[in-house]
Amino acid sequence: MSKGSALNGPGASSSTSAVNSGGFVVRGDTLTIQTEERVELTDITDRVLAIVQTAAVREGIVSLWSLHTTFSVFMNASQKALHADIKRLLETIVDRDADWMHNDPDHSDCDRLNADAHLRAMLLGHSLTLQITSGELVLGQWQRVLVAELDGPRSRTLRVQVMGIA
Amino acid sequence: MSKGSALNGPGASSSTSAVNSGGFVVRGDTLTIQTEERVELTDITDRVLAIVQTAAVREGIVSLWSLHTTFSVFMNASQKALHADIKRLLETIVDRDADWMHNDPDHSDCDRLNADAHLRAMLLGHSLTLQITSGELVLGQWQRVLVAELDGPRSRTLRVQVMGIA
Amino acid sequence: MSKGSALNGPGASSSTSAVNSGGFVVRGDTLTIQTEERVELTDITDRVLAIVQTAAVREGIVSLWSLHTTFSVFMNASQKALHADIKRLLETIVDRDADWMHNDPDHSDCDRLNADAHLRAMLLGHSLTLQITSGELVLGQWQRVLVAELDGPRSRTLRVQVMGIA
């Protein structure tokens, strides 16, 4: 076995990379999520499951990484009522209209006035590490992978990297 | 070395899997935590340390994943007084008795009235990634691995996956 | 290829370890951050990038782990005004002067009176998992890796572990 590695994997595209070294696989995909609201939660579990199927890793991890400061990835149940509660909690903890310095042209060159989005995203987090066993994503009964748009609508990207033993 | 891998590892049981591909090991264990209170913190560091010992990975990572939406895993010191403060903070940030939609039968089919638990767990997080070097878990002086029951008492499960070079 | 592994890697020092098993590399470095204020944010992105360059992993992950309970690692933009907002948010959510049990000598043997630091660090988190592809750290346009001192000034350490295919 050489240190070199070869591209493999179905579904390869400009946003997909896959490397296999001695039965150890690393595969990267980039998901695009088009959001419609300023604050919006989206369930991306099925898209992550599809990537895990394609990656054909039997035992390993899935690293999810938001490619934006104001866009989060986290886990919770997928229920409309609960998602409304999550938005309400974020509004309560981080007041959009407080006089944040990030929104003050004297201190900031950002004209999006999105301090609240930066702060809310930070609380939800930008990184999630899941597990794969027997080729399946490890998820409890009600667990769903969610992304949170905090300053949309925009086109957002999330990188999904599967890593483990084929 | 084939792409195939073999089951290995001491302590194998229905909740343990271990695969070794060319010196690269992935081992998964499921810990059960029986909680006694509605909101309760438990120090599981010693159980994680025992798994790391058994896994015999020299350099790698440990992925911890809560298998429940209302059960968190995170790191902090293990002190009764501090744990009381953590519970108090969660109560302050997320009011159990607010009129959450998740608790409203008109909008939700969940009869546990546990919106607060979903929201508190989200703030603490469900995933923690630790490191192993020289066969030892990397932990600072006061660092302990904690789980938080937010809607107990219940029997909870946490998946511990060790991955790295044997 | 044996299960054994060999030390490799440039820049090896007392705080660096590197193991290579069949093209799979795990490299660990410890960064020291000297802080000057009680609460202070520092952008460590360039130091993480330098480690990734040296590690020479093409496809893999970077695990960041704070070695302290009151010192966090997370991602956000690197702007002075936003950092002031983050500090203000932490002060709002976690009141330093509330009568926390951790600060009460009747319940705690910690004389740092730093309950707020424990609670704030917990909200920001102690663990961050990044990705590497084509030998480069995966970061969006405004994304920077930050550490938060919550009980300084002190000398702090962060462990950076790179893991993947060389």
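Structural remarks
Residue numbering begins at 1 within each chain, and the chains themselves are lettered A, B and C in the order written.
The criterion applied here is as follows: a contact is a pair of C-beta atoms (placed from the backbone, for glycine too) under 8 Å apart; a residue touches a chain by one contact, two chains touch by 3 or more.
Keep in mind the model is a prediction, meaning the values are calculated, not measured.
Copies chain B and chain C of the same sequence differ by a rotation of 120 degrees once their CA atoms are superposed, given in steps of 5. Interface note: chain A and chain B, two copies of one sequence, contact each other through mostly non-matching residue numbers (shared numbers fall below half of all numbers used).
One simple way to say how far apart two chains are is to compare their mean CA positions; for chain A and chain B this gives 20 Å.
In chain A, the residues that reach two or more other chains under the touch definition are 1, 22, 24, 61, 93, 123, 125, 129. Residue ranges on chain B touching chain A, taken from their complex, read 1-5, 17, 19, 21-22, 24, 26, 28, 61, 63, 65-69, 93-94, 100-102, 104, 107-108, 110, 115, 118-119, 121-123, 125-127, 129, 157, 159, 161, 163. Residue ranges of chain A in contact with chain B, taken from their complex: 1, 22-24, 58-61, 74-77, 79-82, 84-86, 88-89, 93, 123-125, 128-131, 133-134, 138-140, 142-143, 164-166.
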